[in-house]
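By letter and in written order, the chains are A, B and C; residue numbering begins at 1 in each of them.
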Amino acid sequence: MERPRHQGMAKNTYMRLWRLPLICLLWEVAMIVLFGVFVRFGPEADAHWEEEKREMNLTSDIENDFYFRYPSFQDVHVMIFVGFGFLMMFLKRYGFGAVGFNFLLAAFGIQWALLMQGWFHSFKNGKILIGVENLINADFCVGSVCIAFGAILGKTSPIQLLIMTLFQVTLFAVNEYILLNLLHVKDAGGSMTIHTFGAYFGLVVTRILYRPNLEQSKDKQGSVYHSDLFAMIGTLYLWMYWPSFNSAISEHGDAQHRAAINTYCSLAACVLTTMAFSSMLQKKGKLDMVHIQNATLAGGVAVGTSAEMMLTPYGSLIVGFICGIVSTVGYVYLTPFLESRLHIQDTCGIHNLHAMPGLIGGIVGAITAAAATEDVYGKEGFIKAFDFTGAYRTRTPSLQGGFQAAGILVSVLMALAGGTLVG
Amino acid sequence: MERPRHQGMAKNTYMRLWRLPLICLLWEVAMIVLFGVFVRFGPEADAHWEEEKREMNLTSDIENDFYFRYPSFQDVHVMIFVGFGFLMMFLKRYGFGAVGFNFLLAAFGIQWALLMQGWFHSFKNGKILIGVENLINADFCVGSVCIAFGAILGKTSPIQLLIMTLFQVTLFAVNEYILLNLLHVKDAGGSMTIHTFGAYFGLVVTRILYRPNLEQSKDKQGSVYHSDLFAMIGTLYLWMYWPSFNSAISEHGDAQHRAAINTYCSLAACVLTTMAFSSMLQKKGKLDMVHIQNATLAGGVAVGTSAEMMLTPYGSLIVGFICGIVSTVGYVYLTPFLESRLHIQDTCGIHNLHAMPGLIGGIVGAITAAAATEDVYGKEGFIKAFDFTGAYRTRTPSLQGGFQAAGILVSVLMALAGGTLVG
Amino acid sequence: MERPRHQGMAKNTYMRLWRLPLICLLWEVAMIVLFGVFVRFGPEADAHWEEEKREMNLTSDIENDFYFRYPSFQDVHVMIFVGFGFLMMFLKRYGFGAVGFNFLLAAFGIQWALLMQGWFHSFKNGKILIGVENLINADFCVGSVCIAFGAILGKTSPIQLLIMTLFQVTLFAVNEYILLNLLHVKDAGGSMTIHTFGAYFGLVVTRILYRPNLEQSKDKQGSVYHSDLFAMIGTLYLWMYWPSFNSAISEHGDAQHRAAINTYCSLAACVLTTMAFSSMLQKKGKLDMVHIQNATLAGGVAVGTSAEMMLTPYGSLIVGFICGIVSTVGYVYLTPFLESRLHIQDTCGIHNLHAMPGLIGGIVGAITAAAATEDVYGKEGFIKAFDFTGAYRTRTPSLQGGFQAAGILVSVLMALAGGTLVG
């Protein structure tokens, strides 16, 4: 695997020779022990399913959650491993490294995520009961790490990366718990929990890892034609499968259906405004590949919270419209500014693709929730959409909107604090 | 994005600088307004779904149309954006351009297709009610534009492309309405509506855009090794997902199942005859990459109409067998003839991959429909398969065959007329 | 298509010019005749489905097997054509050839597999009744040929390849019949029937085709950077979709769900130990791309038999842990040994990726089956999981374990005998 040469290969060779294998092996042994103690199949994956089915009054095997979510799970899986992996390939010197390290950190991270998220959300009688939804959530959690990786690409060793993964997954699970359980916030596509959190986490880490001389070697790290084509594979898979990303863990039925449609609309609009502003802001009106590879995806990020709500197709178009502009403008003006003034070297421009659209997504979610009425959702649909049951029976839409807004703040703060700690 | 140099960059620079952004932005604003006025969620994506479920007597969320069609939708989505995009990459100078422009026109087209097709097929009480089936149909419609794009690849500016998309989508929807609603024709995989229409449309446009000097620079546009590998990615995704393409909007149950099997069989047979004739017609018996990249797909095109009917697996093999031959022979003899005699520069050879197999598909569909009997389909299956209900209760198979044949004619004529208009 | 030059192009040119086309055409004609005589739609794909539904007491179209298996089928399809095809691309001189020949042999093989497997498993009243499960099984069968192809890559002409495919598919079906029907063995992910059988078959063939001078030209066949990136696409698609591979033909409901989870866990663990040992065994601690491209997949192979059983997530981690090590060590020490001492030139290292993990998979399956108790599976689940009904009503877990072990032996012997015959 290609790795940067300037890390002093000779100096600590002996150490390095053994550190990566040792960490991987010890970690995996720890995983086996923890899985052995805690993780079991959930009722829908357990061989006792026949009894479970009777208990839940299900008449057919097709009502197993597997059939509701597995196709979306596989799409999300492709987004994490091919999508994020190949998107980061545009740097010619890190092509294979980007994909390979992404592969390593993701495989490493999903196991820890299954445990961390399991303790918070699927813990029952001392065991974590897992099913396909847990697999999706683990992929989501790791997606957040991949986002942060995009900011520090080319600056860290694999070991630093694994340590970052370990901490980020842990903090992700804590943040997610605060948002979903304590604040009772909706965030099925993870605008706040995945994108905002992951991006600000990565930005803080890259700020701390700032290396001035990296700037000079920048043109050596330019992209080449074929790398760009590989990156475009990443882009397209992220773009195409984003409807699955935002609908994968929504409620069965209309919510999943709606989330897919909203995301589809937002992404389509985003492509047009990205192309428009890319052409407008470049010399000679040429389109910039970096914008097409990245800003076209901002529309998916920005409906992450609200896609499962009654955002409506035209609402989605508006969100996509705005995000294509914000993200492209960010690449042109904000990234250079962040680097020169704030010393934040954002290799893949995640501030434009994840941080800002994530924030917008959180805000759109808060507004959409606050604007919800029984008229639009129907009596039952209203309760089901926001899960206004039990302790939350009396929560009003405007209050929900407030909590959604609080969720954004918490995510940003957790990311900043966590990033500082890890950095 | 790489673009041909010989377009006189300097001459109308100022105009070009602003035309593309302006068109994209204005168009997107128009879309938002029109979506705002017309587009709403269909009953299966709306939050009132709980009430809908009771009304339709559905017992489980899994009976939402989303679960019948979403996996196929995602496959179709990949075919449009990765399949067609990468297939066109074989020209070394247009690699990124092909994918990028395909991305732009598809994102642009699906929004307009949702509206146009919605007005014709999903209009209720002044609103277009959309669900996953509309998304698939929008992708299909744009697929037809991608096909036409294959003929004019490298000859148009992005703006010309967008204008062509606008008109072609409009005409596609009109043609589709005539076929499916007025003639009550079956065409789930779009042999007629997508392939025949798209191909002849594109061929007429490229005839009108004929540039003699393009011929001379032809060898500069030859393919290179890596471009061919990227094109092969496109081919394989089209080939693998074609069963989803032909089954995506078929009736629930047996029809979707049958369509997938027929397409699978036809495609397998097509690979063998393509390889056979490619090897036979080349000097030294070497296989020609262009044939493998294209003609292997003809079998999918040619069962587009009949796949959901009782074509039977061996019937599919026969269709695939014939199409592999026709398409390969077309690449060897017909494409050069079209270029030298008729001045039709068919960059990607869509006449061989879409026009001829599309026509064959229409004919096979007409024959299969005309040959249908209650014996083969069962009493209920017969009525369900051809939707012989209401006003069409008394239509006989042979009459249906006649209407199917009429559908081919209409598609060709609409394409020729439309292409001339746009060209 | 690129082909090795040293095959004496001039010598038998005339023969070669016509042999490949002739074989392909004759074969396809034979297929059409045999499909015409034997193959019909199964009840779930036939237009009589409405009547079938009533008979089977199904209330909804969604209970058609199509919806249980189609998404997994498409994933498996991608694994066979893109996964295996691109994985073999790492040799720079065979890039396009690997993908193209893989395409040809797979399209050729699936038709014959539909017939062979149909005669053994779906034969009813003189007809083979096919549905989506048959398509998956045909893909599986061809997967076994692709594995064997990995050993002889670059050593055979397309015609030799087709002949090998013909024989291997036939023997595969016989072996599968012995295992699944006579021994009543479980092997949903094909550790024994697909991987062990395919790998040993290929290894015997490559041993017989041993060419000493091939060794010398080895460095010419080294990989290049971009080929490696294409190979990584193959790897990632195999890795991501392996849960679908192992769950595609499991029983509806919990078994499919469980198989996906077990495979997901095993694969994740396998990545970590592969990276650890790759780094440990290489000079300077650098990761070897070949290991990452291959050994990371061994975890999927090794839970092929047991994934649908109650292997539990930590059991899967253990299997993945071991296989990553075994496979990586195999690449470093065993492959050179096999080549220099046993004259087995294993081009893609299938001994490490398929043979050994396949054997481990068989053994893990036998142990997991022998260890099964009614307590763990539940009374009904126990019977359903191992299909202890009818003639097998009285079979005990330990007896089942014994039969599973016997299945491994049979697979290896059949592969060795068959490979010798074909070689």
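The criterion applied here is as follows: a contact is a pair of C-beta atoms (placed from the backbone, for glycine too) under 8 Å apart; a residue touches a chain by one contact, two chains touch by 3 or more.
To keep track of the chains, here are their UniProt names: A, B, C = Ammonium transporter Rh type C.
Keep in mind that what you see is a predicted model, and the values were worked out from it rather than measured.
Viewed as a network of touching protein chains, the structure reduces to a complete graph with every chain in contact with every other. Under half of the residue numbers at the chain A-chain B interface are used by both copies of the sequence.
Centres computed as Cα averages put chain A at a distance of 33 Å from chain B.
Along chain C, residues 59-60, 62, 67, 71, 226, 233 each make contact with two or more other chains. For chain B in complex with chain C, the touching residues are 58-60, 62-63, 67-68, 71-72, 75, 225-226, 228-229, 232-233, 236-237, 239-241, 243-244, 252-258, 260-261, 264-265, 267-269, 271-273, 275-277, 279-280, 284-287, 289, 292, 296, 310, 312-314, 317-318, 321, 376-378, 380-382, 384-385. Residues 1, 3, 9, 13, 16-18, 20-22, 24-25, 27-29, 31-32, 35-36, 39-41, 44-51, 53, 59-62, 64-67, 70-71, 74, 77-78, 81-82, 85, 89, 95-96, 99-100, 103-104, 107-108, 110-111, 114, 130-132, 135, 226, 230, 233 of chain A are the ones touching chain C in the complex.
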